[in-house]
Structures are given as C-alpha cells and as structure tokens.
C-alpha cells in the first residue's frame, strides 16, 4: 500500500494496454514505455503486464504504509528511499513508513528518458475494466478511478510482497542492451503508410534524412515534431479511418504528429508513415526538446525487432528467476 | 576501539576546513596520508599496487564476487562511479555491480565502513571469489 | 484516399487498412464494409476488424508473416461480400438546439445562410445510419446529413466540449459521447449516454443501428 505525497500532472496507472475495444471507439492507452513496465514487473516476479504507476512529471513522492517491495524502472530519476539512493532498474524490500522519491531525470546520463515506472508486488490493485487496468482518460474509466493520481490517493498492491526475496538484482535497460541511434539522436524505425506516395519526393527523402525535434506539445496523446515541413504533391481529402499508436499524421502545416498511447482510435489526416510497435517505447521516452531520427525499415525487419524485444523479456525473466537468491557478494 | 591515526587525521581535517587548502598529502617511508577538504579521508598504508589483497589496519575486509560476471564501477546509466576510495559506506550499499547478460547483481557492503580501494578494474571479467573491494 | 480499386496499406506492424474504392462515400459501400468486417473478424491473425468510413482497419493479434497473402485474401473477400442489411435499432435522441447548448449555431447560420429553424428542420429530417464507431468511447460516425447544412470544421478546435454535444463537421454530423476537444461546430446538446464501461456491450449503438434527432427545445 502506498500513499501519494507529491505528484505532478498526468501520473497514471497503466498496464500494457486495453486491447479488443477498438470496435467501441476505445483506444489502447497503456504505458508509453512498455519495456520498462514489463521489466519492473519481472524484477518483482509479477506477470509482465501487471499494472504500475507511470510518472512523467516530477518530483514524485510516496509513502509505503505497509511492509512490502517495489521496483523502479524507466528514466533514471535519482530515486531515493528515505533519502538514500536506489539504483535504477532495480527492486527492493521496503518497510512501513519509508518514503520513495523520484526527481527530474538529469541530462548527463547515458540515456535521455522522461518517464519512470513504479511497480508493486502483484501489480497495482485497481479493477480491470474492459480487460485492462490502464487509465482511459477520455471517458474517465480504468486505472485509478479513471483519472490521474492526486496527493492523498492510497493505492494497494495486489500482493503483499512478503514473498519478495531481497536479491540486489537489477536489469540492464533495453536502451543500452539494444541501442538505436543515428548521428547522436535516438532513432526510430518506421514503415511508410498509405499516403506516403502523395507527398513530394523531396519530403519523402527529407523525412528519413532530417532531424525532428520533440516539441513541448508532445504528450501521451501525440508527439508533435518540428522540422522541415512535409509537403503534399496534391491536395488530399481523407475519410475517417482507424489508426493505432505510431501513426505519423501530417496536418496542413506539414509538421508531423506521431499518435501515441492515448491517441484517438480513428483519424482523418494523411498518414505518412507508422512507427513500428517495437520502437514505440524509444519514442515514448524521448524528452521534450530532444531530437529524433527516423529509419525506413521493412516488414521483415520490423517483425525481427518485435522478436528481439520478446527475446530480451524472456531472457530477463529467466535470469531474474535464476538469481533471485543470489547476491553479488560471496 | 580507537585508531590513533584516525583521531589525529580528523583533527587535521578540522583545521583544514578553516583554510582554502583542498588537499594535504603527507608521505613517509611506506606511508602516505592524503586529507581532502570535503572531509573524506584517504589513507594508504602501502603503495597503490595490490600486493596480496590485504592492507594495514586490523578491521580491513575484502569483499569478493559472489558470481562470475563483468565488474562495473558505475551503473550503466550513469557516468559517476558508485563509490570512490575514501567514501564512507553503509551496510547493504551497492559498491559495484556484476553484469551477467541482462542482469546486474549489486556488490553490497557487508557492513558500515570506508572504501579503501577497488581491487578489480571496471569492465574486467571476474570469477566467484575474486576480490573486488577493500573496506576499512 | 479515393481510387477505382480498393487499396490495402499497413499501419506499422499493429494493423492494416483496407480502403474501398470510389470518390463518394456511400451507404451500400459501407454495408459491404460491415460484411467484410464480419468475415475478417474470424481470421486467426485478426484481433479486431474495425469499420471506418468506407474503410476497414484490421488490428493484428500477431502480425502475419506474409502481408501480400493477407492482402489477397482481403481483396478476394471484398469481391465476394454482399451488403449487410441495416437491421439494428433506431434510437431517438432528444436535442436542445442553440443557446448555450449550441455555442456554434451562429457559425452554421453564417456559413449556410439559413435560419436556426431551417437548420434544425434539416438536421432532424433524416434517419442517420451509424456507419462506424471511433474517435472516443461510444462515438458514432453517422451518415446521411443534408448537404445544405454542411459547415467546415473550425479553424481553431475547441479545447473541451461536453459529452452529448451535437455537432456538424464538414458534411458530417455526430454526437460527442464524453468531454473532450473538438474541431466541429456544436449546434445542440443531448442527454443520451452512449457508453458505459460496465455494460455489456459497453456501447448504446453499434454500426448498423440508426439515429433520429428530435427537438426537445430550440433556444434562439
């Protein structure tokens, strides 16, 4: 059990997303960095997709009201427990009364990221709605009472954490285990979408060649990118159609908007490309003000990337299980 | 149990704090004492090269690897090492990390103490029992 | 995108999009899209077959190994399906038009050159088939609005309009199912609940159902 002491805007309970409800106009929601969420769960011995807390505004402080355990993953937010440092991407026992704090991720580390995850034993205990514990902000259901967390909220964990064995185990973040960069920028693989051929050839070249800046108008709904405008070869009139997170829409001003986890499940703007599902976590962690580059990929490469993530998770789970009783010291 | 050397060096540290001297180093035959302004005390009873893994001071302890792995002085996400020689550490505090594939095992201090030196290089592959950190 | 042939494209590795041919969006085409959705929903790689406006999105349970094979299967099915009948339910929505309930009624008046009463009369006349759900939970894309009251989407979207807002965007009309931003012109308000997560199904209306608007009140 935890009590929220300090919390910023749009801190929400998320899991790996709500699937199967597009037919009712319900998008997936879910963690912006599903790899971090899954890793935190694995460190605690949870199911990968157990619900956790996603933090994107700092500081964030909670008090544990009962003995238990927790894991912290995602952005390195200089986490402290009762003021003492907690290593990133690790899990720990905790005693009633202890306070866990996250601070603004600093720029000087080896991975610029923006979102941190707090995982609890068994996952955050909130009701499942339409087969998911993710927060659906538009429509206000799911997660914790269908809304972002507020000071004073008390959240339960589905398990007590009594079975958690302190093992000083951490995980090497996927950003370091499977890096993807081009010219010093986080790189994101994408596949061309339906209207790709309706843009000028200069735009098609430029999209892959140029840097794109993540503007302050970037959040769980979508990332607005700034760069050399993408120009249509001819006017386009679109009908509303289904979309998914990762779709790169191009409004009339030519500045792309990448739809993210809380995006509407349908849209009417031309689609230039779609970020592959395997790289959405990379983009989801890109801080405001950072620059990204896109890499044109193929269907087979995209499937291979998906398989690589799955292999990392399987291996992480295996190794954590193997070392659960180990320490680094003899 | 008091260590007269420690008492004496703490007194000098106190005096140093009132000056703008950052570092005071005293050398003698087989002895070197370095006092830093921020209060951490570095003391070597011998030269920096490791002879046999033990050092002067009856409370010294060698922390050994509990597994094979690659020894890391810093968390991979960070540039700062976890500890430096001279740092005071608490029981349970991570002194270093052992990497095995995706997993990082913390090398934890068995008790409160002061880091004397790191005995294995960052990035080196170590085996079970390899001496890693010397604590005072 | 409108062509003479249907077009299939990828939405990354998560989904595929089938677009029916033709420059005009029509109800018979939409009825065939509903049939196609029924067929594709049964395929092993498909999690959901979600109709849009004369198009169909297939979200993948697992991405198919061979995209071209799926595309061929889809094109073949399109050639074979016949329009699904509009059966479904007809729901009547009471609407308060104008005033605070319809903050953009004046813009529709200005664009169309019609009076509030004329606009309301044209808005309540048709039976609107529900073509598709999307946009937000429970939201229905409706067909059949009279072209005379068509009004372009607003240049600057409104940050927040309440659930129940009855709006016109281009040649379409719709009712918002929950509070959220909108670029459409809100002409009225209806108290109907379109979505509740605890109900089974959670939506009031699905594709194939129909809506009529009824005047509750006109505020001039």
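A few remarks follow.
Letters A, B and C mark the chains as written, and numbering starts fresh at 1 in each.
Just so we're on the same page, a contact is a pair of C-beta atoms (placed from the backbone, for glycine too) under 8 Å apart; a residue touches a chain by one contact, two chains touch by 3 or more.
Just so it is clear, the model here is predicted, and its values are computed rather than measured.
Across the two candidate interfaces, A-C and A-B, the one carrying more C-beta contacts is A-C. With centres taken as mean CA coordinates, the chain nearest to the overall protein centre is A.
Centroids built from CA atoms put chain C at 68 Å from chain B.
Rounded to whole angstrom units, the spacing between the C-alpha centres of chain A and chain C is 30.
With centres taken as mean Cα positions, chain B sits 38 Å from chain A. Listed in rising order, the residues of chain B touching chain A in the complex are 63-67, 69, 75-79, 90, 93-94, 96-108, 110, 128-129.
Residue ranges of chain C in contact with chain A, taken from their complex: 1-2, 7, 9-15, 17, 19, 25, 47-48, 50, 52-57, 59, 63, 65, 67, 132-139, 141, 177-180, 195, 197-198, 201-203, 206. Taken in their complex, chain A has these residues touching chain C: 19-26, 129-130, 136, 138-142, 190-191, 193-195, 198, 236-247, 264-266, 271, 274-278, 299, 302-303, 306. Listing the residues of chain A that touch chain B in their complex gives 76, 84, 87-90, 108-111, 167-173, 176-177, 312, 315-316, 319-320, 323, 326-330.
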